[in-house]
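Residue numbering begins at 1 within each chain, and the chains themselves are lettered A, B, C and D in the order written.
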Amino acid sequence: MEARDAADITASDLESFYRSVRSQSERLCECLEIEDYGLQSMDDASPIKWHLAHTTWFFEVFVLKVFADAHVAINPLYEYLFNSYYNGVGEAYPRPKRGHLSRPTVADVYAYRRHVDTAMEQLIAGAPEMAIRERVELGLHHEQQHQELMLTDLKHHFAQNPLFPSYRDDVLEPELAGVGDMAFIGHSGGIVDIGAQDGFAFDNECPRHPVMLQPFELANRMVSNGEYLQFVQAGGYQSPPLWLSDGWAIVQAQQWQSPLYWLHQNDEWFEYRLDGLHCLDLNLPVTHVSAYEAAAYAAWAGARLPTEFEWEAVADAWQPKEASKACFLESGHFHPGSVEMVTARAEGDVDAEVNGDRSSLMQGLHGQLWQWTSSSYTPYPGYRPLSGTLGEYNGKFMSSQLVLRGGSVATPRMHLRNSYRNFFYPPDRWQFSGVRLARDA
Amino acid sequence: MEARDAADITASDLESFYRSVRSQSERLCECLEIEDYGLQSMDDASPIKWHLAHTTWFFEVFVLKVFADAHVAINPLYEYLFNSYYNGVGEAYPRPKRGHLSRPTVADVYAYRRHVDTAMEQLIAGAPEMAIRERVELGLHHEQQHQELMLTDLKHHFAQNPLFPSYRDDVLEPELAGVGDMAFIGHSGGIVDIGAQDGFAFDNECPRHPVMLQPFELANRMVSNGEYLQFVQAGGYQSPPLWLSDGWAIVQAQQWQSPLYWLHQNDEWFEYRLDGLHCLDLNLPVTHVSAYEAAAYAAWAGARLPTEFEWEAVADAWQPKEASKACFLESGHFHPGSVEMVTARAEGDVDAEVNGDRSSLMQGLHGQLWQWTSSSYTPYPGYRPLSGTLGEYNGKFMSSQLVLRGGSVATPRMHLRNSYRNFFYPPDRWQFSGVRLARDA
Amino acid sequence: MEARDAADITASDLESFYRSVRSQSERLCECLEIEDYGLQSMDDASPIKWHLAHTTWFFEVFVLKVFADAHVAINPLYEYLFNSYYNGVGEAYPRPKRGHLSRPTVADVYAYRRHVDTAMEQLIAGAPEMAIRERVELGLHHEQQHQELMLTDLKHHFAQNPLFPSYRDDVLEPELAGVGDMAFIGHSGGIVDIGAQDGFAFDNECPRHPVMLQPFELANRMVSNGEYLQFVQAGGYQSPPLWLSDGWAIVQAQQWQSPLYWLHQNDEWFEYRLDGLHCLDLNLPVTHVSAYEAAAYAAWAGARLPTEFEWEAVADAWQPKEASKACFLESGHFHPGSVEMVTARAEGDVDAEVNGDRSSLMQGLHGQLWQWTSSSYTPYPGYRPLSGTLGEYNGKFMSSQLVLRGGSVATPRMHLRNSYRNFFYPPDRWQFSGVRLARDA
Amino acid sequence: MEARDAADITASDLESFYRSVRSQSERLCECLEIEDYGLQSMDDASPIKWHLAHTTWFFEVFVLKVFADAHVAINPLYEYLFNSYYNGVGEAYPRPKRGHLSRPTVADVYAYRRHVDTAMEQLIAGAPEMAIRERVELGLHHEQQHQELMLTDLKHHFAQNPLFPSYRDDVLEPELAGVGDMAFIGHSGGIVDIGAQDGFAFDNECPRHPVMLQPFELANRMVSNGEYLQFVQAGGYQSPPLWLSDGWAIVQAQQWQSPLYWLHQNDEWFEYRLDGLHCLDLNLPVTHVSAYEAAAYAAWAGARLPTEFEWEAVADAWQPKEASKACFLESGHFHPGSVEMVTARAEGDVDAEVNGDRSSLMQGLHGQLWQWTSSSYTPYPGYRPLSGTLGEYNGKFMSSQLVLRGGSVATPRMHLRNSYRNFFYPPDRWQFSGVRLARDA
C-alpha cells in the first residue's frame, strides 16, 4: 500500500467507506441458505463464512489489536482460525480444512462482525492518526478482494452440485449484442510509464517506472464463446503443438475438454453461470479459462497474450473513453455481457456505434473479465513490501504466478485501476478470467 | 438377510418398528445446528444430512420403486445423489464430494423423509406381502447401522475443529468404577456352532456352521486407558517389533503417537469425547484405536487378539448373565463407561460384585466398544448374498477388512446380536473400537 | 522354521545343500547382461543384483556375525544396503531406491558372494552345532524364495521394455495338450489336519492343527487362457457386480483390461513370457492375475476360490498320485504348460490318460502356477514366530494378504510342500498366480 | 536457432566440430562402469545411456531421416524409445521409465552412435546445403546441452548411493583462494540491448531488443559456502518471512535443511562432489541451491537476485576482461573453484590481484556456476520459434521457469555466450546453480 492518499481521507469519509464496504460483503450473502456458507469444494476456494470472518479478523488483528487497547476478542481462538497465511501473526488453521468448521455458526460470525464493527467505528470516529487510517483503508481494499473471491469461490462450490443451484433469483441477464469481427488496434511502443499513480494502490503496483515496449497490436475485444468453441471443435484440446508443455500435461492429467464450467450433454453445450445452467451463448466472452488455455487459443489464432505492460499502456491511452460504464460487481449481472457491450454503451462513442463501425473501438478493457497476460507476477524495480507482518500481503506470492488485468464482473468498481495487478497460477480457472489477444506489430 | 422372522411380524409391529427407527434417527439430530449437518471431514465419513437422506433413499429405491406403483419421487436426481455404492441402481454421486452439497437443504431433506414416510406408512398399513415386509425390515436395520455412523462420523467432523464442539449438553457422564487387574477366563475349544440363529440376521452371518477351536483364554474386560497409556509411555509407537508391517508403515507415514482422539498438551493427556474435550480418564476403556494399534498393544502385553469365532463362542456361553444391561446407544452416554461397569450391574452377579471378586466375571462383552478380532471378514461356508442389487449390501466388501464384535455405545440395542459381524479396515480408527485380549490356553 | 529336521542333516548333506542352492541362484543369471542386474521397475520388485547380495547378507548377518567370530565384512555398509526389512538388525536402505545403486557393481556382488561362501563352507565343514545348522537351512530356504522372486521380478522389469527382451534363448516351450472340460471333484469335508508335518517348514505353517470343513468341490484343473478370454470378451472388466469393491476400485483406477502381461494389438491378443512376446495360447493356464481378478472370474463362472484349508485337504489326499512330475523351476520352462499337462504325465495315471477320461483326475495341483485362495494370511492357533530378530521373517506380514498354494514354474522343486503358504496382497499380479475354482458341495 | 552463422561454416569446420562434440560426450563416460549407464534416480534425471542415445536420435530424426534418403535405422523402435518430448515426431517412451531399459545395452548404444556417425560424416563430407548445416549445428549445440546434463544427472544418481561413488579419479581439486568481503559494483541502468548478437544462438535469445533498466548494483562474486552456512545456522530454513510462499511450502514438505548435496553428520558439514564426499569447504561458492533458497538467502542478506537483463548488461560490459579463463567443462575440475578464483587468473587483472584489492573486479560471471535470476523464462518481443517440429525445442517450456545465466563447470566452454538463457523450475536443485546478489542502486 502506498499511503499517498490516506492523508486526504477525512474521518467521515473513512466511516462511510468502512460502512459501505462492510455492508457490501453482507449484501452479497443475503440470498444464501445457511448451508451454503460452509461449503469448501477445493483447497483454493474458501467457505463464504470464512471470508466474512477473515476480513473481520484483518481489522481485529492489524488495527484493533495494535491501536485499540481496550478491545477484547470474542474468542481468542479466532486469531488462529481465521488467519489466512500471515506467519508473522502465528500459525494458521489449515486452509484445506476451512470447510470442516461448522462452529462458529453463521450467526456467530455475524456477531463477530458486529463486535468488530462497533470497535472499528468507534476508533474511526475518534479522528485517528494517519497510520490507523492507512491500515483501515488497506483493510477495506482487502475486503473488496474477498468480495470477488466470495463470488468465484461460491460459483465453484455450487458447480459441484448436480442440481446447479442458483446464487440468487434477481440476477440480471447479461446484455447481448451482435459480435463483429475481432480487430487489432496498434500501439507504437517506446518508453511508457508503468505502475501506480495517485490514490490508493497496493505495494505490488509500485514504484511507477519506465518500461521499453516494442510496437504491438491489441485486440479490440475479448474472445467470444463462439470463437472459443471453434477452437474446441477444431481439436484444440487434442493438439499438443498448441500448448505450453506444462499446460499439455495438465490437459492430459485432468482430462480438460473445455472451459471449467462448460458442459457437453447430448451434443449440446451448456454453461453454468451463477444463476444456474444455461445454453452456451456464443456472443458472450469465453470465461473461466486457465492461462494455458488462453495461450493455446492464442497460438491457434495466430496471436499471443499481451504483456501486462502492453495492457497498461493501452489502458492508459483509452481510459477516458472506455472505463466509465464498465460492468463491475455493482451491475448485478454476475456474468460478463456481450464481448461488444461495454464500449457500445460508453457515452463518448455514440457516433461510432451508430455508424456501426466498431472495429476501431477498444472494448471491454475494464470490468467483465480479468484478462490473462503473459507476464509473470514479479516485483517492479525498486519494489518494497509493506513493513512488518503486512509485508506478507503481496510480496511472498511473486513466484510462478501470472498477472491478470482489467477487473471483472465480480470486482467492486472502485477497487479497480489501470495499474491493478491481479495474479493467479497458470492452471487456475475458477476466476472470471478471459482472453484478449495481442500480436507483434 | 435371512428372512426367517419377517413372517412373524404383524403389520402393526412393523409400523411401530418403522416409526421407532425413523424417529430415532431424527432424535439423534435434535441438538445440531444447521451448519453441522453438512460437514464431511474425510472421504470415509459422510455428512449427517446425507445419512438422513440415504436411509430414506433406501426405502424409496428398494421398496417404493418396486412395490408402490403410484409413488412419485420428489426429485429424480436424488436417486443419483443419495446412492451409496449400489452399482446395480446406477452411478452414484462421488463419496468424497458428499460434503459439497448445500442443496438440498436440511429442510429439504426432512421434507424428503416426510414424503417417503407417508408412502411407506401407507404401504405398511396395507398388510403387505412377505417380500415387502422383509425389505422394510432390512431397511430398518440398515438405518440403524447409519445411526451408529451418524455418531462416529459427527465425532470425526467435530474433532477437526479446534473449538471441540459438544454434540449435546445432556450427555450422561460415563459411569466410573475402580479397575481391578485384568484376568483371563478359559475356554476349552472344540467344535462350536457359529452364525445366525433365530430372528433377523444379515446375510454375512449365515449360514450357521460348526467351527473347530483350540483351547484359549479371553480377557474378562477391555483394555483401559491407563493400561494403554503405559504402552504409549513405554515407547510402543516407536517399537517396530511390536507392529504388523503394514501397521508400522502407517504409524510412520501418519505420525501416529496415540489413539485417534487423544491430545497431548503441556504434558497432560486429554481425550475428545462427543461432549467436548476431557482429561484422559484412566479407568475408561481405550477407544478409537485401529486394529494395528490393538494388535501392537496385544503383542506388548504378551497376548493376541481373539478370533471372531472365539469371541462368539464366549458370548454364546455368557449371554444370559452378561448382555441384559449393556451400554448401547439408548443409554445416552455416547462414550463407553468404566471397563468394569457393565457386568458389575448385571443382576445375576450381585454376589460376585459384593464380594469384590470380579476376576471370574466376563465384563463388557456387549455394548460400550466394538472389539477388534484377528479374523478377516470372509464369507462363511455356504454363504449366499441377497439376490439382485441388494447382493451388493455385504458380500462385495469381503476383502482386506477385519471383523469387530460386540456393538458399542453408538449401536442401537436391538441391532446387536452375538452373531453380528461388523467390519472395518485395519487402519480405521473413527469407530468406537477397543481392545479385548486373548491368548492360547 | 520348525527345527524338527535339522538334527538329521549331516554336515556333508548341509554342505551339498548349501552349494546346490547357492549355485542355483547364479545359474539363473548366467544369460543376463550386466545392465539387466540393476533394473527395478517398481517398488515391489528388486534388482537381481540386490537379490544376489541380500541372500548373501542373510548368511552373513544371521550366521557368520553370530557364530563366526573371525569373520570380517567386505564392506560394513553392506549390512545397511542389503537389509530387506529386519528392523531388529537396523535401518534398511529404502526399498524403492534399490535400483539406484550402480555400486557395488555386479562383479563386486559376486565377490561378496565368494567371500561369504568361503566363510560359510568353512563353518559348515566344522560339524557345527544344531543351532547353526538350523540357521543355515533357513538361509537356504530363504534363498530359494528369492530364486522365485528373481524370475518374477525380472519378468516385470523386462516387461516395461517395448523391445520385450528374452530372458534366455534356451527356454523350453511349454508342453501343450488339448483342454478338456473342467470338472469338479468332491470332498466330503469334516475335520482335517492342517499344517506342517515332517521335515523343514516355516513358522507360519505351524502348528499342525485340526480344522472343520464343510463338503466342497475343487476343480480338476486351472482356468485356461481360453476360458479367461471369454470372461474378458464378455465384459468382465466392465461389470462391477462381479468384483469385490476394492477390486473394482483398482480396475477403474489402473484401467485394468486383462491379465498383467496380456497385450491387445490390432485385434489380436499377445502374452509376454520370459522368452519374449507370444501369441496368446488358449490352452495354457491363465497367469499373472490378481486375487481380485481370480475372484471376479470365479463369480462370473458361478464358482468361488477355495480356502487354503480346502486346498491342503485335497493336496494331502492326492499327493502320491499327483506331485511327482510337477513342473517346477528346474524344468527349464519358465512358463506354465497346458492346464492338463501335469497329471497326464503322472505315472500312476497312465490308464486314465489312455482312456481319455481325465475328468476324475486332479491336475496341476503342484508346480505351474500359484493358486489364489480366499484365505487371509493369518496365524494358525498356537502360532509362535521364530525368536529374536528372525521373528520378523513371517509374522509381521500377517495382515491384508491372501494365501496362495501349490508352487509355480519358478519355485524350486524341493522348496514346496503341501503345507506351504505363500502370501501376497490381493492386487498383486507379478507372481505366477492363476485360478483354480471351488464350489460348495 | 538463428542461422546467421551456419553460412560461414565450411564442411571441414563442421566435420571437425561434429567429431569434437560427439567424442566429447563419450570421453565423459570413459571412467564409468557399465552399471552406471542405466541409473535414473528421479524423473527429471535421465540415464547416461539415454543421453548418449537421444543425442544420436536427434541427428537421425532431424537430419538423416529428412536429408539422407538411404539411411536405414538400426531399430525402428529407437525412434520411440529415445524421443524426449517432440510430440511432432510421435509418442515418446515415458520419461520416468527411462531407467527401466536394460536393452539396448551400453554396447548397443555405442553401436547406434557409430551407425549414425558414419551416415552423418558422409552427409557432412558431401558439402551439404545450408539447411542441413544449420540442423547439424543445432544438433551439436543440443548435444552440448546434454553433456552438462550427463554430469548433473549422474551426480544426482550417485548421490543416492550411501557409498558416494566417485565419478572419476583424475578430477582436479578446485583451486582455492582466500575470500575477501563481497562488494557491489554499480550499473547506471538506462536502455541496454539484450539478446543474441553474432554467431550461433538459440531461438529463445532472439531477437535482440532494447530494455530499460533502473540503476542497480551487482555483487562482484558468488555467495560462498561459508556465507550460506551462516544463513543455515541463523535458522534460515526455519524462518518463513524470508521465503517466497511456494518456497516455504516445499521447505516444509521436503524437509529441506541445506543445499541439496550438503550432509550434516556428527556436527560436521560435508558436501558430495562428483569425486566423492568432502568436508564442506567454506571458500567455495555455494552450489545446488534452488531459486527459492537463492531468493531466501538474498532476503536474509538484504539483497535480491538480479534480473536476467541486469546480468546480461553487466556481462556485456565486463566480457573482455572476465570471460577468457572461466572454469568450464574442459577444465577437468567438475566442481566450482573458489569464489574469487576466476578473475584472479584473468591476465588483464594481474595488477589488481597483486595489489590485493579485488573489490572492484567482477569475478566468476562465466563458468563455475549458473546464476539464478529473478526473471521468468518468457519470450522476447518478436520471438519466433523454429519452424516445424523443432519449434518444440524451446518455446513450449516458457512457463513457470526461471532464467539462469553464466554457464557452469559442467558447460562446454564454446556452448556459452552472454545472451545464453538456461532455464529451470524454481525448486530445481540438481544443476550447478549458485547465487549472485544484486540490489537497487
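Operating definition for what follows: a residue touches a chain if its C-beta (ideal position, glycine included) is under 8 Å from a C-beta of that chain, and two chains touch if they have at least 3 such contacts.
As the structure is a prediction and not an experimental result, all values here were calculated from the model.
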Any chain that touches subunit D and subunit A: none
Mean-CA-position distance for subunit D and subunit B (Å): 60
Interchain centroid distance [CA atoms averaged], subunit B/subunit C, Å: 38
Separation of subunit A from subunit B, taking each centre as the mean of its C-alpha atoms, in whole Å: 48
Subunit B residues counted as touching two or more neighbouring chains: none
Pairs of chains in contact (touch as defined earlier), listed by label: A-B, A-D, B-C, C-D
Residue ranges of subunit C touching subunit D (in the complex, touch as defined): 33-41, 75, 77, 80-81, 93, 97, 99-106, 157-158, 160-163, 165
Residues of subunit B that touch subunit C when the two form their complex: 85, 87-88, 191, 209-214, 216, 240-241, 243-248, 292, 304, 374-376, 378-379, 381-382, 391-392, 396-400, 426, 440
